[in-house]
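Please go over the structures that come below.
Shared chain: chain A. Partners: chain B in the first complex, chain C in the second.
Let's turn to the complex of A and B:
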């Protein structure tokens, strides 16, 4: 199954959330690979704490592959190469967790039919090997997004399930921007339709993920004065209404990741140890990632409920 | 008990949702007979608040409030709840139609007048005004619900279901209006007949000669008589009798379609219009029930959402005319003698010489509606409040029921209405009404919404709260219907047969009352001129003292003093903004300012003493 992670604005926690989803999915045994399609700044290796590819790999990254310079993009086995002590050794039962990094300083590139062809081939090969192929696209309307929309519209990929996670933060601007990215001009729906995707099917394969959401029940807000708390809850209701009006309400939201101090200060994987042993991260955060990981393949969550 | 509409409605919703466990939610009536009244009441318990109280809406799943979801979790999540409603409503429309035409059967709400005989199946299928009236309310609620729920649908199967439901609902609405028009009665009788004498006795409280009273009554009713003669034709057999000045008359609704009522010419696809059997004479109870339903036809919501089609608007106009006229008629009777209202002579006596507190309450209900329409004086209002208070006491709603209390009969077995005309199809039928206390709550809340007089407002609030205390005690304790109504043993432990069955009609009345209370909360508080004066004076003093303190260049460079003065300035500004709408709050702000200015002044005095 192909999962595309996208966001309109930067700073939505797209990379760190999707990396955590991949990690949570691999833990109980699924084989997962993670593709860094953020061609402008390929930094997801940092989240996995793989020093050799911190700002992209030196050679044979995804750029090189898509440009046709190498036959196979480089693969990094996270369990083996990460420097993070919490991730090593590979936990019992865990499946593969593989990173396909971008090239250092790769930059954007021109879209051509060859590129689309190579992209589709790669997806097909990975589909055979992995249960989940998670593709981290860059922020905004990018070549990368166009590329995968074209690739998935090819007949040979028609039998492969492709789903979209649209990340946004819980603010006015982010909500409006995320709606624009999906429903607006040159958005996913419009671009997809123009590339030959069936409208209804594409709409049913898009779900939103709310990241860094302050939850009123969180202990962080226990000390608020009544007026502050009331103000906050009214703003929250306004946002709920706004989101619903922009068609990204709870019905189309796959999950919500609460605001977590650890993620505020460092983009990293949150392990069970962080939650249970050192307790630097919140249990709710880890749970949200696990729920999202499970929801990826829960077909009921991907049907139009109404 | 304080009336908290949102919390109490949610508590009721939670109990309603729990009925699903007993397999009873929206599955249709239990008994062998279809009962469209009870089924409609059951649906309205959820749908009515959901469509009338914005905070409790259900039709946009993405915006359903958290506490609403918690209360209804037994039905499902934000998406499953409106879908369950869609299914429930579709089921209702299917169950209560015969060959595609809406039917309005009273089913097991009909009782035989003689308990030893059994009603015929044909009789059980008869329509009844309760069903017509509730169908109007239910249809309008459903159409409004679909207005918002429909556009959010993307799935083809659900879209189809919603479109079919909308068509069936609109049919039912037209059919209900037609039936109400055909149940309307103008009954004329001779002055010296039993009815005529009874009417005169009722309104003649000063002991005047009968002839004078009749003359005054005729004069008062003349405009109504003319309107009926000239403008009423739809669904009435004839109004020729009204030309005869020797006849008196009554207007209102009978219990069902009147015998020989002509069918109404309409293009609406409502099927064949059934023959009527009901006696051509108004019943107070059914009149009030009809008036309640008709009022929904021209509510603000119906108009703004555009829920009626052209033909329905025509029917609604005809009903509105009857609605206004009926109110004027009964209001004129109730207040016939300004010195001493017939209504104040409790209990009210009907022209067939039946007496009950319930009839007094019904006439009050009509009067309340009429008071709103006429923007009644404070005096009329105060007198009506007196009547409600006395009814509450006499019915033992806000007093303790003692063993062998005669007022118990009002609540159990309730007021019995014989449905004259039903004997044409079998044994004579009866209709029992037990919801006195729930009606009392509804009318107190309604009247409170009308009054802009603080004294009357307060009294009605206290009354409604006491009635609520009584009603909350009457909830069913456990088992089927737990936390719903009606179990009298809570207020009358000596009851022979405790553990009454769940009554949707009683429950629905309470839901309606709470919805009325909720709509009142949205209004601004009543303005008190006294408070406005007080607030203005306080502000003037505070302003002056603040100016003085500023002039003194208080506090040098100390931030705390500076902040205090700045805060005082802001508070006074805010208080001036509020002084008209919320003078009490303005007073409080002014007092805060005065207190803090006094702190500074006290400090100043102390320094003077030290030097």
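Let's turn to the complex of A and C:
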């Protein structure tokens, strides 16, 4: 299954959330690979804490592969190569967790039919091996998003399930922007339809993920004055209404990731150790990632809401 | 890049090549059922007008016609010496029991070549041969080829040719892309050199480099490209079967998770893999002792048999245990 992670704006926590989803999915035994298609600024090596990839991917990353310079993109076995002590050694039942990094300083590139072909070949190749192929796309309307829309429209990929996760923060601007990215001009729906995707099928394969959402009941806000608490809950209601008006309602929302101080300071994978023994991260955050990871393949969550 | 060249038949390569290098990549065919013979023939029809060879005993196998790929690039030397090679690589695809697909690429390295590139007709008259520019130590190239992963890119990469062929075949429309389980492709990098008189006798050194990469150094009295390639394909096939079965068992939780769940997860192995084990069935008689040596160490069949037996023992236990359990439940 192909999962595309996208957001309209930067700073939504798209990369760190999707990396955590990949990690949570691999833990109980699924084989997962994570593709860094954020061609403007490939950063996944930092989230997974693989410095070897930060240094070594000058030549054989995804950019080089898509440009046809190498036959296969570099693959990094996270369990073996991460320097994060919490991720090693590989947990007993865990499946593969593989990162395909972008090239350092790769930048965006021009789309051609060869690029689309190579992208489709790569997706088919990974489908052979991995239960989940998670593709982290750049923020906004990018070449990367166009590329994968074209590749998934090819007849060879028609039998491969592709789903979209659209990340947005829980603010007015982010909600409006996320709706625009999906339903607006040159958005996913419009671009997809022009590339040959069936409109209804594509629409039903899109779900939203609310990131960095402050929960009024969280212990973080226990010290709020009554006026602040009231204001927060009024805002929350307003935003809920706004989201529904923009077709980002609860039926189309796959999950909500709470605001977590750890992720505000450092983009990293949140392990059970971080939650249970050192307690630097919140249990709710880890739970949200695990729920999202399970929801990826839960078909009931992907039924057409219409 | 992988394209059929013009037919030729007049000049055969000089007898007794000294050095062969090759790579075999093995994958599960991306199809829901074993591909029937006719469809297999159609899939492997890589050159118009040339026959796909098929055989039925002891297991069904189809072999594509040979393809030639022109190469002109540095050769992989362990020392880093710059030696250019010009010529062609031979590749072919093999489908076993309609289930396992392999891309096999090989190159014969000529003893010496000129320092100037000759017209292509010269190389096309020597299919599957690459001529080095200048002198080349065989051991240097053997080490370089087998450690190709760790060398900087740009050198002769047989894996890239194999990968393209596999990707091309796996993407064909006759395949429904609903394989019964997910699996990893494996790679076997191999070399074959002629045994030196007075040196070590014929033999094989098989090494598991990582989860999917294996290397094989063959030392033989006679280096016959077709027979050696077939041997390596057979070895790669059985190594894939063993690797995949062991991995399926590991991941199923057999022996640790309770109930029938682990065995249900092993169902695809029972349905699709267990009957494919037939090591050495198509290996040239001259190479049979090499297989026998590999059966002693590391002992492929021993590990396979033990794993299969383990699955069957658990099946037997479940078969007894389940009715008893439901009887108590009543």
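Please note the rule applied: the second predicted complex is superposed on the first by the 303 of 306 C-alpha atoms of A that agree within 3 Å, B and C clash if a C-alpha of one lies under 4 Å from a C-alpha of the other, contacts with A are read in each partner's own complex, and residues count from 1 in each chain.
Note that contacts are C-beta pairs under 8 Å (C-beta built on N, C-alpha and C of every residue); 3 or more make two chains touch, one makes a residue touch a chain.
Since the model is a prediction, treat every value here as computed from it, not as a measurement.
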(message) Quick check on the superposition: with chain A as the shared anchor, is it clash or fit for chain B versus chain C?
(response) fit
(request) Could you look at A:125 and tell me whether it touches chain B, chain C, both or neither (first, second, both, neither)? (result) second
(request) Return the chain, chain B or chain C, that is in touch with more residues of chain A. (result) C
(message) Tell me the contact category for A:70 with respect to chain B and chain C: first, second, both or neither.
(response) second
(message) By the touch definition at the top of the document, which applies to A:159: first (chain B), second (chain C), both, or neither?
(response) second
(request) Would you check which partner chain A:240 touches, where first means chain B only, second means chain C only, and both and neither mean what they say? (result) first
(message) So in the superposed three-chain picture, is A:304 touching just chain B, just chain C, both, or none of them (first/second/both/neither)?
(response) first
(request) Could you tell me the angle at the CA centre of chain A between the CA centres of chain B and chain C, given to the nearest 10 degrees? (result) 140
(message) By the touch definition at the top of the document, which applies to A:249: first (chain B), second (chain C), both, or neither?
(response) first
(message) Quick check on the superposed model: minimum Cα to Cα separation from chain B to chain C, whole Å please.
(response) 28
(request) Jot down the residues of chain A that show up as touching in both complexes, chain B in one and chain C in the other. (result) none
(request) Using the touch definition up top, name the residues of chain A that touch chain C in the complex. (result) 29, 31, 59-60, 70-72, 77, 93, 95, 120-121, 124-125, 127-131, 155-156, 159-160
(message) If we count contacts the way the header does, which residues on chain C are in touch with chain A in the complex?
(response) 27-28, 30, 153, 157, 159-160, 163-164, 167, 170-171, 173, 176-179, 182-185, 211, 251, 253
(request) Would you tell me which residues of chain B are touching chain A in their complex? (result) 60-63, 78-79, 82-83, 152-155, 158
(request) Write out the stretch or stretches of chain A touching chain B in their complex. (result) 200, 203, 240-241, 243-244, 249-251, 304-306
